[in-house]
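To keep things clear, I will list the structure first and then write my remarks on it.
Note that the chains take the letters A, B, C and D in the order they are written out, and that residue 1 is the start of every chain.
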Amino acid sequence: LIRVRFADTDQMGVAHHASYLTYFEAGRVEYLRRRDLSYVEWLGIPVRLPIVELSMRFHRPARFDQQLVVTTWVDKLTQYSIRFAYRVSEVGANEKTYIVKGHTRQALTDAAGELREIPEAIAERLAGPELSSRPENLV
Amino acid sequence: LIRVRFADTDQMGVAHHASYLTYFEAGRVEYLRRRDLSYVEWLGIPVRLPIVELSMRFHRPARFDQQLVVTTWVDKLTQYSIRFAYRVSEVGANEKTYIVKGHTRQALTDAAGELREIPEAIAERLAGPELSSRPENLV
Amino acid sequence: LIRVRFADTDQMGVAHHASYLTYFEAGRVEYLRRRDLSYVEWLGIPVRLPIVELSMRFHRPARFDQQLVVTTWVDKLTQYSIRFAYRVSEVGANEKTYIVKGHTRQALTDAAGELREIPEAIAERLAGPELSSRPENLV
Amino acid sequence: LIRVRFADTDQMGVAHHASYLTYFEAGRVEYLRRRDLSYVEWLGIPVRLPIVELSMRFHRPARFDQQLVVTTWVDKLTQYSIRFAYRVSEVGANEKTYIVKGHTRQALTDAAGELREIPEAIAERLAGPELSSRPENLV
């Protein structure tokens, strides 16, 4: 759950489009956490997940103080990259009336920025179900 | 409860100092909500609370993904302005080992930006206890 | 010309990907200004240009204090929307070694958010050459 | 020279107060650059300048696309810290009609975060006049 902060709005009175990238990021970090994968370290090895490409579609505006849900999933997994998909909707809204949809493709690199293959054990966990059941309803 | 987002960090590896102003803002909005005062409307009248002055003291850095608590209170109330005080600490940390402390002084204006006196009924509610008891542990 | 601000970096030591959306925006505003079209008003009529979709490709990282050039052009113009394309490169770099490429598609609406047709006179100017010759090398 | 970006505005139609901290930062980085001191390295030694405290006073709002000048100077220099002062005004405006004034106090630390004494040679340069005369009118 995310609340649109006042600082996220612009003078059109809605959440600025760049804000959604931080909401996507929060969703991605949470997705990994629930699979016991930290955003900066995987099984003791420092990793980086630089964004290689992204796209977004804006369907309706979000407003100040609105409560949003970011739904995140892995929709494609290759040897070197992970494609995350996101849907941002208002809390309690019908699933079809979303606000923003998008995806980001992330490469896997080591701390020095060198491209790395995604280990099979990690790939399975990435595409798998949530491991942590604790409710994590904050960002 | 707030989680430090990756976008909030800078290349020193800590939350950028400007991020705390959005944490303060989240604390302030929540403080008002718990007293049934919306951030943009008070009892049906549109209000604005532009910041007139602010100050912050940084005691220790916050890191990516750290969970923070923002404690907010009104520490001074005059005819035309409200001074909010804030303390940001790590969840579960000793109250004295805070990360950032600060205050903001807000003027009350109408939608056109004209200075307005704070109505007494509002002043009482501003300085008073929480009215909403629902747990609001997200931002 | 844009300089990567310290606040734009993240703990990977590079400009955070969301920063580029503000660089794109600066490029877009400048593109319109050079055609004597303001970002919020066209020939006396208030307009809005909400983003309908966007995409970005990241080729290499930008670092703190690096000087960037944002090249902006209109690559598609329909009855109701404008597609802007952007290329962000380092100042003085070979055109092919860009940092980020992307596009945004903007709808034209009035102040109330209602979709509007792009007037022909505006469409011509949008796709046309720069009118202002004053160097505007700042953002 | 800084232009207020659209992303810097909030739904009150003015530059959000947190934006000024990034303008201050741009002014500070520029101040050091003009004295041949980089923001992240001083004479070959990596340094950090974490903010220890800051304060701001807001006198009038800045609006989208407004051109601002950030005037920066060192107003106090101690053994371990530097206090920068800032004044943000509209380009061409009378010096007294500023928008925001403020200061930040920065500690000097090494890359590991350990407090360091400011070397005398640096202190002199910090408090001294500009060395680079090239016009640096962008941020």
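For this structure, a couple of remarks:
Here is the rule we go by: a contact is a pair of C-beta atoms (placed from the backbone, for glycine too) under 8 Å apart; a residue touches a chain by one contact, two chains touch by 3 or more.
Source: prediction; values computed, not measured.
More C-beta pairs in contact connect the chains of A-B than those of the other pair, out of A-D and A-B. Farthest from chain D in terms of Cα centroid separation is A.
Chain D has its Cα centroid 25 Å from the Cα centroid of chain B.
With centres taken as mean Cα positions, chain D sits 33 Å from chain A. The distance from the centre of chain A to the centre of chain B, each centre being the mean of the chain's C-alpha atoms, comes to 27 Å.
Residue positions 6-7, 12, 14, 18, 21-22, 25, 64 of chain D are each in touch with at least two other chains. Against chain C, in their complex, chain D makes its touches with residues 1-3, 5-7, 21-22, 25-26, 29, 38-40, 64-65, 67, 137-139. Within the complex, the chain B residues that touch chain C are 6-7, 9-14, 16, 18, 64.
Per the touch definition, chain B reaches chain D in the complex via residues 12, 14, 17-18, 21-22, 25, 48, 50-58, 61.
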